[in-house]
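Please go over the structures that come below.
Consider the two complexes below, in which chain A is the common component and chain B and chain C are the respective partners.
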Partner chain A sequence: MSRVAPLLDLVTLWPLPSTFLSYMIGLALKMLFGDTAKYLMLVAGLFFATFLIVQQASVFCGLMRWTTATLKNVAAPIYVVEERVDQVNETNPMRDTDVARIRSISAVRWAMPLYSGIQRVRLGDGSFKTVQLIGIDAASLAGAPGRMIEGNLEDLRLPNTVVIDELATERLSSNPKDPSTKIKIGDQFEINDVEARVVGICQAMRSFTGGPYIWTTYERALSYTPSSRKMLSAVIAAPIAGMTPDQAAAQIERETGLRAYVNQDFGANPRDIATPKGNKYGDFNTSTVWWYVKNTGIPISFGTTVVIGFIVGIAIACQTFYAFVLDNLKHLGALKAMGMSNFRLSIMLIVQAVTVGLIGFGLGLLATAGFANGAIANGQPPFYMPWQIPVAAFFAIQLICMLAALMGIIRLSLYEPAMVFRA
Partner chain B sequence: MNFLSKLLRYGSIAAAIFGLVAIILVSRTQAERQMPPAGDPPVSPPAKPYPQAVAATGILEALSENVAIGVPLSGLVSEVTVKVNDVVKKDQVLFKLDHRDLQADFLSTQAQQEIHRAQITVNQAQLAKLQSQLARLTAVTDTRAVSQDDLENRQQDVLVAQAQLTAARAQLTASEISLQRITLLIERLTIRAPRDGSIIQVNVRAGEFAATSPKNPAILLGDTEKLQVRADIDEQNAARIRQGQPAYGYLKGDPKITFPLTFIRIEPYVIPKTSLTGASTERVDTRVLQVIYSLTRPTDPPLYVGQQVDVFIEAPDRIKTP
Partner chain C sequence: MPDSSSSSDIVIDARAVEKSFGDGSDRIHVLKKVNFQARTGEITMLVGPSGCGKTTLLSAIAGTMRIDAGDISVFGSDLVKMSGGALTRFRAKKIGFIFQQFNLIPTLTVAENVGVPLLIQGVSASKALKRSREILEQVGLGTRWKDRPNKLSGGQQQRVAIARALVHQPPLVICDEPTAALDAQNGEIVMDLFRQVARSPDRAVIIVTHDNRIFSYADRIARMDDGEIVEVKEQATDSAPEFQHEHALE
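Let's look at the complex of A and B:
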């Protein structure tokens, strides 16, 4: 009964309500930390729940973001594609003169051709690697990589030249494990049996297919690519001053009958409309992501893990907390017998649950951050954590804790104070 | 034991706080890693000269079109007398084809001419001889001394000799005309400029064979002082084009070089597009309306015939923008 001693102190301090609350919290925490094993069990359950929810949701977001890598790497306010195109990795080519048609629209400040396609690179040792080939307008270099690490973008106008991304320096080298064989400026390889000389290295986001990005001019991209009747993948454009990309895109669609998407970020767009065949999105990122959500099993598999994390969290937390309440039932009963109201006892239990929730959540974030640092440094696996994920996870964890506390509160309110003295 | 539980207690709290800080740091590195948002291209594209315009791709040509000089006969080129960029006047010699076979004909015809001349002399001498014989007979006054038959024979001989002389003279004339003909044929193998202009391209050199239907013209002649732009307009925008609309041209490759264009004409026939813009094969899935604009050649920067040009033609929108 030694543990009951502080409770008696508390009772002696009863008439001082201003300090009462701090005493009550102190008491609740003392109870919580008193049994280290149970405390660790509780924290571990919530830690795993947090880690599973945040990490899996972030990997899912990262994977979905990879599908829009072309849109991030070829940053242009407006993408104009063929009418039925839903996502950026699967375009239906248009005619060469469509560039001139889009330029002829008064809302368009400039419009440039873009080639985007998956091609094969042959290395010195004869092995093949697939790459994402991007062809941009040679005069304006519209659609060029945003961050050059080495080399000069203007050199792209020299014959048979390409700019590669960081991933390609390793992926296209003869021995990816040996840093000295990395592709450097001046190195050569072959794209579909045509020579390509590296004049620049840039930073780029990884693609969903895993192939590195290679930039060249539009004309050269066509000579690297097996010829077909139509080759223009997309037209990138910008609105005139004083017009939003959405307004310009609407005008392009109205006057050419082509599909014009804005390139902002995943989210709602004023031009989103629901049609009987499915939703039409105004933003190319949103449209691409939804295409993958609808047409692949990715969201199901990740969603299942997130839900399991939530359920496991609930199961462990509720069970442990209930056991913890049962363990301390005698002390709580004694307090009740001494005249403490159910409401005050409930607050004590809630304080305990919230504390465990916060610590478990923090530890989960720590583990996620460790994973994230590795993933970001490595570029692999995909990881992208919008602020909504930790916030939503916080509320999910707190919900689990409240459920656990609620079970304890129900058990406690059914407990008769007289039972303390019966044993 | 007490120490361990304290360590776990405070350690877990500290780790939780550190976890919160770490996740904020992660989201910051993540933001730094994002690709920069869409901005202007590295070289800013040409600003549109008109608020409402039809865009087209065009190619620079010499004004009044380029003349691809042909040859009348296929043969060896013996001499090229002009260089690229030479300014030539009408009828100036451009190049000569080998004409030694005709020269040989000329020589033999000349020899024939000499023979014909000699023949005339022979005939003249013959005539003179017969005439003098006839004169001697007619001079005899005694009719019994000369038979009538003999006299008539002599007279006939003179007439025949006169006819032979006429024939020999006609042969000489024929050979002279034959010489003139060969001279004309030789002259024909000297290719001359059909009009004033300057030499844009020379595809033949002395010693090469010039065919009558070559892949490349032997010489390309044009007026490079004034250039014209042939602009291809997608048939879907053809309805917006009218006579006399002003236009601006931008040199492909350097959008900073712009020049005003003067309307000349609209080609009345819409043709299948032959690709000018980097296509590896010719595509004929669209037809284009061609509009011709002229421009005076600026001195700096120089423009060249055959360069690609982006053209903006001022034309109102088909659909009124709300």
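Let's look at the complex of A and C:
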């Protein structure tokens, strides 16, 4: 019975009258806003925590997204690579005959060779810049950029021609800060001493290495590249009608022993041929991102900052909120003596904590949006904020607030109402 | 402990109340089998030197502290047997509190502060504020209802605290050192108010004090020393009592 009694007490205090509830919220907020210094301190702490968590997580996601830029820029439902390749930026060369082997598979509608590698461009002033060179099949132009801004993609079939992305127009200019010197259609530069003439400018996602993308035909890409025995980077392919990329990839692996990945991002590009969504079979995007997560210090670096943001939030919010409760203890104690239950006082503290949490989170998110605006305008640092990040940050901030409120609630519940008589 | 009065109008009856703090050799017996009664229509003062246990006894009667042994009956309710929740509700309905440091919430207006006990009971904010303003008129602060407590003098703040203690018309008013933070003039105003409050036939007022300037306002004085009530003195207050402006020794 002794265990049940407190529960019964709680039950008898419920439901709260609506007038009481609105009064409680009003009283709680008046007490909160009345202590301007602590209120601002709490909001500032939660603001910084939100900003650190959301901004760092978004930059991390942006960076991870950059690692799969080739998969978005070179659209194909299936990527076939050498069997030990785990990520798209790693190229273990394959034999040219592998293209024919893949084409021979009944599940494959088409298969085209792809060259992908980092090369150096010599500019007019003699300086060098690294670029991501993509060589695609000249006949089909499979793997060509999705959105042309200027020029004609078919001109890529003309001798010594390339299509460059928007970033290249600045990066490859003699003075990137001067818009008048931007690379335009008809301009020329050299890739490994071989002439390259710009016939088109396209839109493309920035690469992980930061270098611009340059498209040319597969054969010409090989001529731009120092010769070696095997030069085929990958084979891009599509499944026959009625077959999913998963099924086709599985069949390619089975029959060739090569590694076949599906490209889940395929379909986002207007030039892409629609394929069924929901592929699960060895997605190259996921595989690439996981490779970077497992093999680089990037997640630890960003993760540490996110954790620090969380800890800073906890430290500031809990310490300040506890001090706020201590400062108001004699008032809260008086309310307790006058007949306000611990349960109702706890609601007041929770209302206060949630309020500063919402305000701090809102301001933090606003500041992150400002940062994102600048990042997107400049093209760097990478920034990508999927909806899961603000949602997770919201719950993280509310968790911090609940911890802060809990500390106050514990302190208040231990405070005997009789203490209010001891001035 | 002597008690010469009849028990017909006794509304607070504490019997053999014991309370200790600490453990083992550090254990201090603050209340030692204390018997105490208070009646309606009267001001009962608990007096004595600091540390004699008067605030502890007041806390026990107010239901803000559990006792180790004994019985406490307040307006027929046995406080010892009540659960925590029942005690909380009992305090909300039956007791008005006046604290030494007023304990007004600085971010609320005077009227909002006064309305707190009504709002705790679920009265609507508009009704609570209306009632608050009425009672503020009675304590002479009708024009100050919008002010924050820090805009008022100590005496005015204590009058607000009195209004808060009375707004829900509790049968028992508990006062802890109500004049300790007040000068003589404000102390007199406050005690005159208490006098009016205590004259209600349905209300008892208990004041803990060691301010001997106000002893003349008491109908009954219970003197405590070392955890015991050593003397209960009844005194006639039919004529208007006087605030003692000189500080006599306890």
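Throughout what follows, the second predicted complex is superposed on the first by the 389 of 423 C-alpha atoms of A that agree within 3 Å, B and C clash if a C-alpha of one lies under 4 Å from a C-alpha of the other, contacts with A are read in each partner's own complex, and residues count from 1 in each chain.
The working rule: contacts are C-beta pairs under 8 Å (C-beta built on N, C-alpha and C of every residue); 3 or more make two chains touch, one makes a residue touch a chain.
Remember, predicted model here, so these are calculated numbers, not experimental data.
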When both partners are placed on the shared chain, which of chain B and chain C touches more of chain A: B
Chain B versus chain C as contact partner of A:F33, first or second or both or neither: both
Touched partner set for A:A142, first chain B, second chain C, both or neither: first
Partner chain(s) touched by A:K230 [first = chain B, second = chain C, both, neither]: first
Chain B versus chain C as contact partner of A:S341, first or second or both or neither: second
Contacts of A:K330 with chain B and chain C, given as first, second, both or neither: second
First, second, both or neither for A:A418, with chain B first and chain C second: second
Chain B and chain C footprints on chain A, overlapping residues: 33
For the chain A and chain B complex, residues of the former touching the latter: 33, 36, 39-40, 43, 72-73, 75-77, 95-101, 103-107, 109-113, 137-144, 146-147, 153-154, 203-205, 218-219, 222-223, 227, 229-231, 238, 240, 251, 254-256, 263, 358-370, 372-373, 376, 383-385, 387, 390
Complex contact set, residues of chain A against chain C: 5-6, 8-10, 12-13, 17, 19-20, 22-23, 26-27, 30-31, 33-35, 330-331, 333-335, 337-341, 344, 416-418, 420-423
List of chain C residues in touch with chain A within their complex: 55-56, 58-59, 62, 64-65, 83-86, 88-93, 95, 97, 99-101, 103, 105-108, 112, 116-117, 119-125, 176-177, 180, 208
In the complex with chain A, residue positions of chain B that touch it: 4-5, 8-9, 12-13, 15-20, 22-23, 25-27, 29-30, 33-48, 51-57, 232-234, 236-237, 240, 252-255, 273, 275, 277-281, 283, 285-286, 288, 312, 315, 317-319, 321
